[in-house]
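A short worksheet on the structure shown next.
Order as written gives the chain letters A, B, C and D; numbering starts at 1 within each chain.
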Amino acid sequence: MEVSRDHFVTFLLRLADDHLILGHRLSEWCGHAPMLEEDLAMPNIALDLIGQARALYQYAAEVEGKGRSEDDLAYLRREREYLNCLMVERPNGDFAHTMLRQFYFAAFMHPFWEKASASTDETLAGIAAKAVKEVSYHVRHCGEWVIRLGDGTEESAARMKAAVEALAPYVDELFETDAVSEAVSKAGIAPAPASLRSSFDSTVQRVFAEAFLDMPETAWPQTGGRQGRHGEAMGYLLAELQHIQRTYPGAVW
Amino acid sequence: MEVSRDHFVTFLLRLADDHLILGHRLSEWCGHAPMLEEDLAMPNIALDLIGQARALYQYAAEVEGKGRSEDDLAYLRREREYLNCLMVERPNGDFAHTMLRQFYFAAFMHPFWEKASASTDETLAGIAAKAVKEVSYHVRHCGEWVIRLGDGTEESAARMKAAVEALAPYVDELFETDAVSEAVSKAGIAPAPASLRSSFDSTVQRVFAEAFLDMPETAWPQTGGRQGRHGEAMGYLLAELQHIQRTYPGAVW
Amino acid sequence: QAFLDAFQKRIDAEEKIEPNDPMPEGYRRTLVRQIGQHAHSEIVGMLPEGNWITRAPSLRRKAALLAKVQDEGGHGLYLYSAAETLGVSREEMTEELLAGKAKYSSIFNYPTLTWADIGAIGWLVDGAAIMNQIPLCRCSYGPYARAMIRVCKEESFHQRQGYEIMMTLANGTPEQKEMAQDALNRWWWPSLMMFGPHDSDSQHGDQSMRWKIKRFTNDELRQQFVDSTVPQGEFLGLTFPDPNLKWNEERGHYDFGEIDWDEFWRVVKGGGPMNKERLAARQKAWDEGAWVREAALAHAEKRKARAEAARMAAE
Amino acid sequence: QAFLDAFQKRIDAEEKIEPNDPMPEGYRRTLVRQIGQHAHSEIVGMLPEGNWITRAPSLRRKAALLAKVQDEGGHGLYLYSAAETLGVSREEMTEELLAGKAKYSSIFNYPTLTWADIGAIGWLVDGAAIMNQIPLCRCSYGPYARAMIRVCKEESFHQRQGYEIMMTLANGTPEQKEMAQDALNRWWWPSLMMFGPHDSDSQHGDQSMRWKIKRFTNDELRQQFVDSTVPQGEFLGLTFPDPNLKWNEERGHYDFGEIDWDEFWRVVKGGGPMNKERLAARQKAWDEGAWVREAALAHAEKRKARAEAARMAAE
């Protein structure tokens, strides 16, 4: 079963954009973390994400075959062409929000990469094999923080609860299915997002139980990121991300 | 006594940039003011500033004679080419900071425009005649807020004092003299900035006396804006300001 | 009942009801709710457009947008004043908004994603608002009717401005035209939703019509809006995202597809893309502004006390 | 005095002093001050470069910059640990920094205005730091010397990376070359200031030399830096902003102009362009992080208590 080039590129860009945008958000903390150890850990995770994004953009560029570079893809698209899910673009909020967002994403990506390391696509399998090790550290590190804050002081527990509530509408989009994700999973390239739900849920449940948190619930999941319909914070993020590339077209850095 | 075209253009750009950047900062409040009346007053002042900036950019473009438009000048220069003073680019801080910054700028521009309405340059005289009316409202409106906050509650007085301290290093730059300002004032085009100090001081003194505030003092005035050496907040402001123009080069809006 | 009949007679005679006139409690309540909702819509409506002020693509557009958003604040102010004539204060209304008890127009729960959204909002959202509001200029309650006359004049200016933005984009580069089309795609259905549920599902419709607070039904206004807007869109060379949209010679109106009422109710109830953020932004402004409002009050009182003391000393 | 002589003898014999060794109070104090300052410099130094992470012009550069800033945090961590061996905690040192009592390198009180500043900082600032730090790898205090060995290795990698950024810009478009030149113009003199006042004005110099905390004087190190950096700049085709800079055949060194000592002292005392903002940023991170640190502590205690209870129950 073959996947169309368009679908494959779209799939890769969605994944790459998730990593770039979340890496961007995380890197905004740089030098402003609550403790020095986190000023090391957060850039470390951000580095992993940017590294994964690079590998994915490079591969997307290759598959696309239009002569675009990783930087063309990362920097020179318009907002409506970025295909990341909404969760990764959410503003950082406080440390509880940031850690929870990262934990959710890692809890989703861990089984994703695990399955993808047996991908029928060798390049993706290679990316996955490297990423799965990195992301299992992210699950651990961020999960520990979720526990520490959920079962810390009264204030930290309240903030953690607020974070769970604030991010709840953005969880379901991770598991969204459409023609692209179906084509890719049918071709054995990557797991169907919906198939990762139980693994995600059990990771979250395990951590939330220790953190005395209730599982996220929402009557109104938000969606649209995969079609490039973002929140209002996204435009500002891109203005910052793209500014130098847009200001000096064609320059090499 | 003639002024060189370069000096004249530089003079106009400095003035235009002051108005654009301060207007930008002020407009960031839009929809977030502490009361509805200020959600009307602040955009109103911002509109005056943007209007003045437009007149000045248009004239600068004309004098420069290189076929650039007001938007080319406002949107398409690099950070080091913007010549606004540092005060106008300072982040908004709280309402006390914003009002004080606006009050300082208006207290400086009021005598400036008053003198400039008798400029040997007719176009500038025309811009000045219109602006002087607008800015006298800004002095009044912002001055009243400085008084209200300085002589309001304990909290508002403390915030007002903090604002005075925070902005003190940026006051002196308004009065800075260099070859450009000298050439322009010798030609009778605009007053020498230093000549406006006593008027500025007496406006500030009058208001500060009512507001129970001490005059701003600093051992270390900050400067550099007139040579395009800005603070770190400026780059983010420009990324936002310029994003659409940079993204769609040559488009008409 | 005699009072109600007499009141209805005044209404039927197209007399204006004024603040000090006797009025049925239901009439007062309906007006307070509607005017308050309307005022809140103006205030919350500053946010999606305000989102583009610092990124407006030219100085001319930036100035026009600033002026527009400022006008909206002004409308909010007139409307709160009109509601205050019915004995409810701006603070009370604001607190109801922030508590999620008072509604505002659901359209502002959609995000503005590109510059073209500013055009689309002016053209479609202000266009729909005008359709709703023109009849309100003849509303039976005097202060509301008079506020609406001012509001409508400015709104129609905004609508033209929005259309002009769309025109510029539609005649611009291919990317700009695409941006305009995308904005139309996203804003068309929510604009149709602005007229509210079908007449058959509308709660307050009939009584409001009798009291001449409303003059046309939701569906009538919606049809009017479609009829006047579709030719404008065609003139721009844009396509409406509705395969069922076509001129019906017989009816003398455009037919159009069914609104996604699930989405409608979801957004009304708080599940739109921006509901939480809009309220959070207003809440933040309100909370962070508290010390300013307190200071203004404290200062005014100090002033009054001093003036009083001076007067006493002089006597 | 016998103790001091014995201590000096160990120093002269190039023996390493270790945490539990007896040492003169002045030696300890000097080290605490210097290592603390050094650690703070790494931490505050994350800010000017951190300022460009979200705006780095390519993914490769973004990753490298992230890694670099992270390394600086790591250096801060080693150094705080080295200082802790002398009996002063990281909290205490942080509080001294935030209270303005402890210094950090003045160079970080200049803003990063363009991407080229990231190149210039790597090339010049890290270059100057390495000049200062290489001799510290042989510092008489063991833990400090060992920390510096790790630090120096990474710093020289950063320095090469910075030079490579400058090279790319210098070989790039005219605008990029201009950007590189502008960065050199702004960072050159502050880099020279990094070596501190002239030997004749240096407070702590002589004793530190005797104790082999320092191995070269400020002016010696500054000369070394100029000698090694000028040819690198010339290779880039850039011009140093010093008309007096020229090779002195006789001395076998570059002559260079006089530093603006007024500016030097002004920035040391708190009047640089970014002094207030750097401290404010650190203070904000510290204050806003307080609840996180408290929560971590509270959780650790709960865990311990639970483990304890479980152990008791099991016994």
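Going forward, a contact is a pair of C-beta atoms (placed from the backbone, for glycine too) under 8 Å apart; a residue touches a chain by one contact, two chains touch by 3 or more.
Everything numeric here is computed off the predicted structure, so don't read it as measured data.
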Intersection of the contact lists for subunit A and subunit D: B
Comparison of B-C and B-D by number of C-beta pairs in contact, larger one: B-C
Chain located farthest away, centre of subunit B as origin (C-alpha): A
Between subunit A and subunit C, centroid-to-centroid distance (C-alpha), Å: 37
Inter-chain centre distance, subunit C versus subunit D - centres from mean C-alpha coordinates, in Å: 57
Residues of subunit D touching at least two other chains: 55, 175
Numbers and ranges of subunit A residues touching at least 2 other chains: 78, 235, 239-240, 243
Topology of the chain contact graph, where touching chains are joined (line, ring, star, complete, other): other
Interchain contacts, given as pairs of chains that touch: A-B, A-C, A-D, B-C, B-D
Residues of subunit A touching subunit C in the complex: 78-80, 166, 219-220, 222, 224, 229-232, 234-235, 239
Partner subunit B, residues of subunit D touching it in the complex: 48, 51, 55, 111-114, 175, 182, 186, 266, 270-274, 276-277
Of all residues in subunit A, those that touch subunit B in their complex: 78, 235-236, 238-240, 242-243, 246-247, 249
Touching residues (chain side subunit A, partner subunit D) in the complex: 20, 24, 27-28, 30-40, 43-44, 46-47, 50-51, 53-54, 57, 70-71, 74-75, 94-95, 147-149, 151-153, 155-156, 159, 240-241, 243-245, 248, 250-253
Complex contact set, residues of subunit D against subunit A: 43, 46-47, 50, 53-63, 66-67, 69-70, 73-74, 76-77, 80, 90, 115, 165, 168, 172-173, 175-176, 281, 284-285, 288-296, 298-299, 302
